[in-house]
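In the two complexes that follow, chain A is the common piece, with chain B as its partner first and chain C second.
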Partner chain A sequence: MSTIPTVDPATPAPTPTPAPAAAARPRRPRPTPGKVLAWVAMALIVLVTLFPFYWMLRTALSTNASLYEDPAAVLPPEFSTGGFARVFGAQSQEEALAEGGAATSLVFWRYIVNSLIVATLVTVGQLLFCAMAAYAFARLRWPGRDLVFGIFLAGLMVPTIFTLLPNFVLIKELGLIDNVLGIALPTMFMTPFAIFFLRQFFLNIPREIEEAALLDGVSRVGIFFKVVLPMAAAPMATLGILTYMTAWNDYFWPLMVSYTDDSRVLTVALGVFRAQSPQTGTDWAGLMAATLVAALPMVVLFALFAKRIVNSIGFNGLK
Partner chain B sequence: MAGISFNDVTCRYEGATRASVDHLDLEIADGEFLVLVGPSGCGKSTTLRMLAGLEEVTEGSISIGDQDVTHTAPKDRDIAMVFQNYALYPHMSVRDNIGFSLKIAKYPAEKRNRRIEEAAKLLDLTEYLDRKPKALSGGQRQRVAMGRAIVRQPRAFLMDEPLSNLDAKLRVQTRTQISELTRQLGVTTVYVTHDQTEAMTMGDRVAVLKDGILQQVDTPGRLYDCPANEFVAGFIGSPSMNIFHCEIGAEGARLGGAVVPLPEGHRARLNGTEASVGIRPEDLAVVGEGEGMEVHVELVEELGADAYVYASLPKNSPVRLQMTSNERPAQVIMRIEGRSPIRRFDRLWLAPRGHCHFFDPETGENLAAEREAVTVG
Partner chain C sequence: MSTTTRQIVLDPDAARNRRARERGPVTRRSARRRGLLLPLAFLAPAGLGYLVFYLWPTVRGIWLSFTSFNLLTPAEFVGLDNYRRLVQDPLFWDSLGITVWYVVLNIGLQTVLALIIALMMHQLTRSTFLRGVVLSPFMVSNVVAALVWLWILDTQFGVANQVLEWLGVGSIGFLTDEFWSIPTIAAINVWRHMGYTALLIFAGLQTLPDTVYEAARIDGAGETRIFFSITMPLLRPILALVLIMTIIGSFQVFDTVAVTTSGGPANSTNVLQLYIYDMAFGRFQFGYAAAMSVALLIVLGIITFIQFKLTRANKTDLD
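== the complex of A and B ==
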């Protein structure tokens, strides 16, 4: 309902005074030197982060020959989509050689599938097993729990390189060399970080919610799957994305255990472009195109979920 | 629906020096609303949690109806509990929260929905059924927690300080709603609170606990009028009862110039020449100089219709006041009519006019056989 303002004729209407123009606009705070410095630092970091992506794109869209002639050109010295064509196997061997590409062909889709299988196995496995272990560390009472958790945390401090050889021997003994399962297995069950990350979240879930579920007739296992896990959807998603990205980008371990295209993942396969033959040098355009294509899914994933990842990690860190 | 009985129940946590609940014997009748009240750490929540099956019973047994449930799993006790923080499932809608137990019990969807909607209607939640708990106010969340309890039609409701997260006004409103609802449903209810006003207004009977030991279980009126000991006398009633330590003479207890006659039965139970006399703020009156205890007014709290006078005893007073737990020097509290001429720094003489209770100064037990008060004036 709208009301019409009434004006008492006896009282003179106030004459509007023109407000100064500056007062009408919200005043911007003056930039302090500290803020300017912070912005410059941030701009530098953004530049340093984005420049390699730009350089990859610029190199991928050039011909190999032109790259040697003008290696420092900011724009592609001679525009060509040949690099991308070689990545997707759309060029014949002769055409590839003519453009300074590698003589070996790349089974791109096969590598993508292998990468997908490995990253999915690692992510699903880690989420499930780490969540169960983290819940046991957070909620169940059993002798030696805190000691075992301490040992797990100590595991966080062991550099991955130390575990490469023992893992290799184990996978070899299991007969899983040159097998996608062999690539996924060492990180498929758990990592100390994932357990630590989820345990912190589970510790913050009010115990009463689980007790309420117990009174509602849910079993202990049911509480984990029907109440605790759905409540942990956000940290699980964060962990899932981080794990997927790590598994996708892993290079050294897959390089050690896969020998053939049957198990070769994308990161390792990119090395094909670096191979030099008597006819050609390194296929920089092809290599950069392939790297870009390989990185693209992760860039998209990160762009979509970056906020959630930061929030979730921040949330856990603060609590 | 069923009665509940605690038979000599003890709960002792591992490594604890004393039992959290010590040999508790308590009978709760079918359909009764019993309030467990006491200060923090008195064992009231532990008692409730033992009844729910969430805490182990160290000794003794608990029965619901004819069934001994001491070692029964929580889900098989047919009880529903409302938690202090409501414990709603944040990832489920109000509808799913209320119907979760029925879903677990594999009720057909149609029957489940009918029950959910009945409960929602009763609690005025129908329009919020599809919301998530985070989109509800504190009062609405509290009602969802109630809905989750009543939808199961359990044998007993257990409520663990369900109003403590609400603001003062809503608490009073919800208090009435809960009382009405449980009476309407006729379900046995055990309600835990540390707020004695809640206890007095809601309970059919109130059980007062201290240090894991049951002090008294009685109707609110009898708890107020006939406290079993000094603790109950001080805990029930706001402001609390004044407890004076004074000399006993031939004619009775001497409160300065005033004398409270001591019945023979009381005297027989008393060792020594001192007694504790409990007088509620409304049972004190201002008398002429020298006719009662001398006090110095420190504060007059005007509440409109009433006012409370807070006063101290002079150093040379023959009467001593029991120290309160919060380490402040105890004060004599007297209720007077509002807009009184009494001011800070006034010197007054007070004497009992109404009920006085006598307690053993050593054990704190009420000296009257039936805990009845002595009426003066």
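== the complex of A and C ==
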């Protein structure tokens, strides 16, 4: 509901880059005390933002015993890659127990693969199907189009959380519990947001380009795949990255659907790892190593596409 | 409106239709049928996804709330029984209260911090790198954020408590104390979401017209005056939208609680989603869980409506 009023389909600005209005503001020659204070505050915020990432790494590379002896050491108190070894099942049970790990080992390779499958299925399916639907809403002319689009948009008003329970019942009826397909299915076809986002872009592609292709004898389907989709590569990429991240980071829905290694994704595995920690004390080195393993692909994705992701946040279609 | 006119003028189909009209009514009808096939094909996958995983679960969720359903035997209609139980269930009202308390703390802290960060960035720099850093916690999952803070805030060995001890404050049971647990969970989620919220506000700031600021400076207005008399009023519609969005998201808190405290200590973090999840998957009372979901849906609807009225979110002072 909140997104509808801001986005005016007639506005020719689907480009996420904010208006360069602020660039024109005159710069002062000398930093005022206010500015210095603001920089200090900014540095503090950056510190709070980044510290947990460093602490994850520092803890993952320590032994559990040393963590308990010297909990505040800035560098790993006693360097070890044992945490990572436990996460990937490369330690024997005796070794793991001796280093403060759990007796039953979780092998994270499997969960990485499951997460990759789920996130890829969701992203590829959602992108393709939503682009097709968005094109039908933006460019094809058929009776009832705006009404149907309104009905789709209304889907934005129902919080995802409301559909989880009934969707679980449905997935169970389909026999897809504890199956990666069961995890991917509900978001594989569409989200109202994705259709909305891509329609905005398609509306602003000049019609002349499509007309020229039509005159050259290209079919409507051909135009969509050969002309429109390549032109939409940039917003498709942005949407794809965001969709992939959302699917990768999701916890609640996979928690309902996956029960065993067959379909367990990384987020759920992390929860299980935490719950399985020995009574005597949590295997913090192992847990932080596991956390890092789960977070790293997203950190890499972010590092590669930071500019695109950062610039996509704006009022051209909120998420 | 203007878009539609432009579409008609430029639409190549229109030209074709005009030709068809000249040829006679029979051809026109068949042409129209042919014209309907393509949009249908483009819409089919997303439409299927919408019907099966959005519309049907919404209807079914409401239906289930009027039934007694344990997943194994067919749902049995029980009228308003679930809702009667809900009104009398002290745990439901407790968990609603806990959720509201969480939302107040989470949104309050997050909005203030995000506004400060956005304003500072607006004044200091438009560096993509800095924006990327601020956004980075948003890239990792709630589970990852929850686990790393669980470790940092650990009562005995967490570095935060080590620092507090060193400062002479003494250690705090951030996640093990009934008083601190909800504020702590709220703060963890602020850490993950404040950068994202800040970038939304920042994007809004970029759209404010420079001319107003120049005029104010010429009139001799100070920075404080400019902030309260120009920036805040102009930013209001954007802030209102951000608030509606973040509040709706905040009400659905689950992941962080499930991973850190699972509702404890002494039910002090038993947020509504956790109670619903426990009712469905712990006690297999899907009907009652569905009724509570409907209640949450109604609460969210009312909040959105009130906020919309109060903040006049769809109006801006620039009009």
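By our rule, the second predicted complex is superposed on the first by the 249 of 319 C-alpha atoms of A that agree within 3 Å, B and C clash if a C-alpha of one lies under 4 Å from a C-alpha of the other, contacts with A are read in each partner's own complex, and residues count from 1 in each chain.
Keep in mind that, in the parts below, a contact is a pair of C-beta atoms (placed from the backbone, for glycine too) under 8 Å apart; a residue touches a chain by one contact, two chains touch by 3 or more.
Because the structure is a prediction, the values reported are computed rather than measured.
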If you stack the two complexes on chain A, which partner ends up touching A:Val227: first (chain B), second (chain C), both, or neither? first
Applying the document's definition of touch, where does A:Leu147 land relative to chain B and chain C: first, second, both, or neither? neither
Classify the contacts of A:Met288 with the two partner chains as first (chain B alone), second (chain C alone), both, or neither. second
Looking only at chain A, is it chain B or chain C that touches more of its residues? C
Quick one: classify A:Leu214 as touching chain B (first), chain C (second), both or neither. both
Taking the stated contact definition, name every residue in chain A that is touched by chain B in one complex and by chain C in the other, in rising order. 208, 211, 214-215
For the complex, give me every residue of chain C touching chain A. 1-3, 6-7, 10-13, 35-36, 38-39, 42-43, 45-50, 52-58, 60-61, 64, 71, 113, 116-117, 120-124, 126, 128-137, 139-145, 147-152, 154, 156-159, 162-163, 166, 191, 195-196, 199-200, 202-210, 213, 223, 238, 241, 244-245, 248, 251-252, 254-255, 258-259, 273, 276-277, 280-281, 286, 289-290, 293-294, 296-297, 300, 304, 308, 313-314
Using the touch definition from the top, list the residues of chain A that touch chain C in their complex. 1-3, 5-6, 9-10, 18-25, 34-35, 38-39, 41-42, 45-46, 48-50, 52-53, 55-56, 59, 67-68, 71-72, 125, 128-130, 132-133, 135-136, 140-143, 145, 148, 152, 155, 158-163, 165-170, 172, 185-190, 192, 195, 203, 207-208, 210-211, 214-215, 220-221, 224, 245, 248-252, 255-256, 267, 270-271, 274, 282, 284, 287-288, 291, 294-295, 298-299, 301-302, 306-307, 309-311, 313-315, 318
Give the list of chain A residues in touch with chain B in this complex. 206, 208-209, 211-218, 222, 227, 230-231, 233
Seen from chain B, its contact residues with chain A in the complex are 52-54, 74-75, 79-81, 83-85, 87-91, 100-101, 104-105, 148
